[in-house]
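As written, the chain order gives the labels A, B, C and D, with residue 1 at the start of each chain.
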Amino acid sequence: MGEASMSTRPSRYVVSLRGEDHDVVVEADGGVVIDGRRREASLVVTSPPIGHSLLLDGASVPLMARDGGRGRWEIDLGGCSFSVEVLDERQAKVRALSAISAGRTAIAPLKAPMPGLVVRVEVEEGAVVDAGETVMIVEAMKMENELRAPAAARVARIQVGAGDAVAKGQVLVEFGEVEAE
Amino acid sequence: MGEASMSTRPSRYVVSLRGEDHDVVVEADGGVVIDGRRREASLVVTSPPIGHSLLLDGASVPLMARDGGRGRWEIDLGGCSFSVEVLDERQAKVRALSAISAGRTAIAPLKAPMPGLVVRVEVEEGAVVDAGETVMIVEAMKMENELRAPAAARVARIQVGAGDAVAKGQVLVEFGEVEAE
Amino acid sequence: MLESVLVANRGEIALRVIRGARELGIRTIAVFSEADRGSPHVMHADEAYCVGPARASESYLAVDRILDVARRSRAQAVHPGYGFLAERGDFAEAVVDAGHVFVGPAASTIRAMGDKTEARQRMAAAGVPVVPGTNTSLGSRSEARRAAESVGFPVVLKAAAGGGGKGMRVVRTVDEVGGAFDAAVRESEAAFGDGSVYVERYLERPRHIEIQLFGDTHGNVVHLFERECSIQRRHQKLVEEAPSPLIGPEERRRMGAAAARAARAVDYVGAGTVEFLHAGGEFFFLEMNTRLQVEHPVTELVTGVDLVEWQFRVASGEPLPLRQEEIPLRGHALECRITSESPFDGFLPVTGIVDEFVPPHGAGVRWDGGIARGSEIGLHYDPLLGKLITWAPDRRGTVQRMKRALGELRIGGIATCAPLLSRIMDEPDFREGRLSTAYLTEHPDLLDAAMSAAEREALIAASALLEHRRREERAAPRIGGGGTPLGDWQRRAHG
Amino acid sequence: MLESVLVANRGEIALRVIRGARELGIRTIAVFSEADRGSPHVMHADEAYCVGPARASESYLAVDRILDVARRSRAQAVHPGYGFLAERGDFAEAVVDAGHVFVGPAASTIRAMGDKTEARQRMAAAGVPVVPGTNTSLGSRSEARRAAESVGFPVVLKAAAGGGGKGMRVVRTVDEVGGAFDAAVRESEAAFGDGSVYVERYLERPRHIEIQLFGDTHGNVVHLFERECSIQRRHQKLVEEAPSPLIGPEERRRMGAAAARAARAVDYVGAGTVEFLHAGGEFFFLEMNTRLQVEHPVTELVTGVDLVEWQFRVASGEPLPLRQEEIPLRGHALECRITSESPFDGFLPVTGIVDEFVPPHGAGVRWDGGIARGSEIGLHYDPLLGKLITWAPDRRGTVQRMKRALGELRIGGIATCAPLLSRIMDEPDFREGRLSTAYLTEHPDLLDAAMSAAEREALIAASALLEHRRREERAAPRIGGGGTPLGDWQRRAHG
């Protein structure tokens, strides 16, 4: 259960969590500086491969961590799961530039959160829906589940119909921007 | 949690457990023939990497298994740990031949079962001890532990003395055969 | 005592029954679907046999296959658990016809209580108060509309064969009746293979209170006090407790007596539960469940009675071990259902592999679960992963203990409702016992995903350290004596 | 109530205290040695701080370092658990001098009872029966010989500073006294830093029965009945239960009253235990332990009292929550100590990494443990991995439940005494309550490693299938969609 071995040089990262970027320096002596504020930090594996113990200025935080590749980490803390992205300074700059050139972000499509059966589609292509409006009913585990629009949007394309079996993560409905009137 | 994938041809093994050899045929269809007696068998990993479930003619046996290399398996069953060796027919023949040429087996030396401190040596070189006779006292976990002779033997060589710190597995005393009188 | 039992179920309840049987020296025989080969209930039983593919209709509901295993394994008795075949009269009958003991009431009792409309009729006849509504099932949208209007809005449409919130719809205006009727029939058919639906007056903000009953083959019937099950989501129970925080000794006595009257009216044998809705100082018969309930452990903790042991004793022909006046009621017990549902995402069911599992322990904590590290959670079966139950001398201590235990529970790889339950334990209305079935609707803030500043900081620090370590290791793999803690552990454990 | 507490301990007792504190809303502060950085007690506390290297004298026994953490973390109180500093009067004094609350009795009480010879004098003065022997420590081999002869053989030599069987030697003839004296002094010095040894009459086949006591700062003292701890190995308890299967109500009352008298004689505050030897219908004071006992959970299960909660209440200045006559005694509880010792190999201590850990669960089962999957078990500390405790309405049911629970317990990578405990649960003398401290000596067959025919067959089949699968996989790695269950799982979990 040894301490995670750290190098002797400090390293700077940009950590993205729920859409916010944070500046983090990992110091050689066990310190972590988050947005300019220094903490004593210690992280060890307790129950391999994912069980970890974090101590942050003495505060004890048990967590589970999975390596999602390319700087992405999936961390379970307090019963909830969080996705965090860690980039070094160079990677963060590249990402910032490409984000500017891509312009405003599109509205994420509605995906099936679990495998199931489409019971009913509640909207038609071209319709305008409010955030939270029911778009589709999918049956899973013998229960009907209402899937809702992630944001105010125009229904651009409906990819499934009543009676279709859908896989987890399958795109069900694509959205477009609502044009200003 | 799929079934362990088995090939389509049966394979024959010699399984050694506590000094006894058993003839085992693993059949392609989930059968295992042990010393001529056929059983329905199914073995799956339940909690990776070591948690397994065995069903043997319906009897449910939870066990933990670790690969010790070269056909050796360490299996925990019912709270106890067992070492089992599995050889194919060719390997078993080679082993049988070399055992004959080696002649009668020597008496295993006394090894330290845990790290500790030698408190006292109870025998002298050249002495004859009975099986189970106390040979040495080693302190560990603040308790004095009596280490005993594995068989009736002559004390051939004592490798440590009182006050010595010993590592787990370190040879403490070597034995020789007791000559017939 | 019985010599052997086949447990015709899976998950936590199969484990519960296997444990109880084993303590009585009864040989235990599990059945499993192909999806459950590596499940804990298979590993805990003395014997286990496959009864078919994952789909329940071809395995856990396949009566012929289960009876075939019972015959081949020479099982003296069959215990149905709850769900699946537990409340199917035909199954109980087939078990007995094949020469086994059915651990539960007679097939005729199961049938009478399983038809919710017939049950309402029988209870009314026995003088037990029932919720106003129809006592027969509805044939059409228009019949449903007429019945709803005569009962008076709001009403609730319910599956006659039902239970567990499936095929249930609340309707507040006459215009909604048609659509709700169709949905209820459809869900009811899917869940129970029977689309019969009836209508009841919908009580606003009622409390769900139920009485545990036990009858034996010698004509004795006792009740084991009440359970309060008001905290629900989608008409499914989420938190249960005993005793109810708002029932006094006198009302406890009256409800217990009414429930026992109901049980005697149907010559009840074995464990059963009468569910009541409690509103405005009155209580109404809702339904009788002719099997063990999911929430039976809270009754076990406040009475000291092992209900599964009693089931086996009664099935063996023994009389009930205690008389009514000998059954104690001591302290307070709470149960939280841990389901594979994402509470901050509309309780969507979640699938995946449990890649870490650390249950809570310590004084006054019980975990009745059906999962292990490595378990695959699919969509074939119920989302109930396990139940966390706590006991303490008073309700306050029990809630504090539950809060502590929920904080210890770690289930990796699967989102569960545990974080919501943890918030409920801190919420003032819950802590003060101000409960109703509308609780979650009235506390929508509990369902907002939020993150504390401390959590945010921990996530940032942990991910930076993890990524930093990963890069360091990639840059200098296996140099020096160190290695990562993980690598080190694996080498020692498997080398 | 206290606001915060530093728990000056490790392992299962640190967890037990942290859980109890957390349920009372007390902020918990753990300390750990470098060897324990990843230990469960660190993960369960709100805060945790390192106090030094693995060696206890430089960490868990390092008073200055612990008090430094208490100061820096603004801990209001310090709880010592058992072992380590729990019975060191100097520590209790230092804690109080540094401005913290010590969760335990006054330093003067600890000192008086910690000196076993002084304790014998004080008890005799209070009218509590003591075992015949010397009330002062022995200066030499020859003095030991004279004292032993005057007491009459067999005698037992004991560490005056001792407890837990360390520094203890039974002597049956005068010739053995010298060697035994040297060994007892040596062990006693190593364990307690004090080589004082005294002599007592050795009672043949006595039962070890102890009374749980509680005192508060308002002058109240109650007892919480007895625990029977006769099943021991090397003078260390292995199985404990409450109530004792051979004590009737009258003797229970008499022993309780004698223990309470002993507590009042020293103005006792907090949790304490008076240990008695019981032989030939008589009982004799053995020693008083001025802290929580390892086996306290059996008392908690039969009385419903949370002893750690009471410790915190008393330390906060509250009066005891219950009067003597309000303390119930209900059902039967049993505790098995699960230690990292190989029972079929002379109880040799075992080291290694816990590579699998599945604790038992279900009705009436409690696990108080200090390990997790991944824990490294070394030789620096006690071999106690955890305690398995069961409750049922009667002793028979409790034993059956323990047998069931032991069967479920899986600890991989470390040999434990669990298989021996499992055998004890089946052994007729134990089942009938025919217990004495000579139990294991009188049942040597329990200590023979044996293997059933079914186990042999399972091992053969499993190893052949494992080796076969390994060869198949090596021959055709990753071909087709399948992969091994293991590989499949890992891909899904981490891919």
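Rule of thumb we're sticking to: a contact is a pair of C-beta atoms (placed from the backbone, for glycine too) under 8 Å apart; a residue touches a chain by one contact, two chains touch by 3 or more.
In this text the structure is predicted, and so the values were computed from the model without any measurement.
S.K.: Average the CA atoms of each chain to get its centre, and name the chain whose centre is farthest from that of chain D.
M.R.: Checked the centroid distances; the maximum from chain D is A.
S.K.: Write down the chain pair with more C-beta contact pairs when B-D is set against B-C.
M.R.: B-D
S.K.: For chain C and chain D, what's the span in angstrom between their mean Cα positions?
M.R.: Their C-alpha centroids are separated by 37 Å.
S.K.: Rounded to the nearest whole Å, what is the centre-to-centre distance of chain B and chain D, using the mean of the C-alpha atoms as each centre?
M.R.: Measuring from centre to centre gives 32 Å for this pair.
S.K.: Based only on mean CA positions, could you tell me how far chain A sits from chain D in angstrom?
M.R.: So the centre of chain A lies 46 Å away from the centre of chain D.
S.K.: Touching two or more other chains, which residues of chain B qualify?
M.R.: If we look for residues of chain B contacting two or more partner chains, we find 1, 3, 44-45, 47-51, 59, 62, 66-67.
S.K.: Identify all positions of chain C at which a residue touches two or more other chains, and write them in rising order.
M.R.: Only 38, 44, 355, 358, 372, 374, 407, 485, 489, 493 qualify.
S.K.: Every touching chain pair, please?
M.R.: Pairs flagged as touching, ordered by label: A-C, A-D, B-C, B-D, C-D.
S.K.: Please give the residue numbers of chain C that touch chain A in the complex, ascending.
M.R.: 166, 183, 186-187, 190-191, 234, 342, 344-346, 348-351, 355-356, 358, 379, 381-383, 406-407, 409-412, 415-416, 418-419, 422, 449, 451, 454-472, 482, 484-486, 488-490
S.K.: Enumerate the contact residues on chain B facing chain D in the complex.
M.R.: Of all residues in chain B, those touching chain D are 1-7, 11, 13, 15, 17-18, 22, 24, 26, 32, 34, 39, 41, 43-45, 47-52, 54, 56, 59, 61-67, 71, 73, 75-82, 84-86, 113-116, 119, 139-146, 148, 168.
S.K.: Under the definition above, what is the set of chain A residues touching chain D in their complex?
M.R.: 1, 3, 42, 44-49, 51, 53, 55, 58-60, 62, 66-67
S.K.: In their complex, what parts of chain D are in touch with chain A?
M.R.: Within the complex, chain D touches chain A at residues 30, 37-38, 42-49, 73, 372-376, 493-494.
S.K.: Across the complex, what residues on chain D touch chain C?
M.R.: 15-16, 19-20, 22-25, 38, 44, 297, 300, 304-306, 308-309, 328, 330-331, 352-353, 355, 358-359, 361-369, 372, 374, 392-393, 397, 400-401, 403-404, 407-408, 413, 485, 489, 492-493
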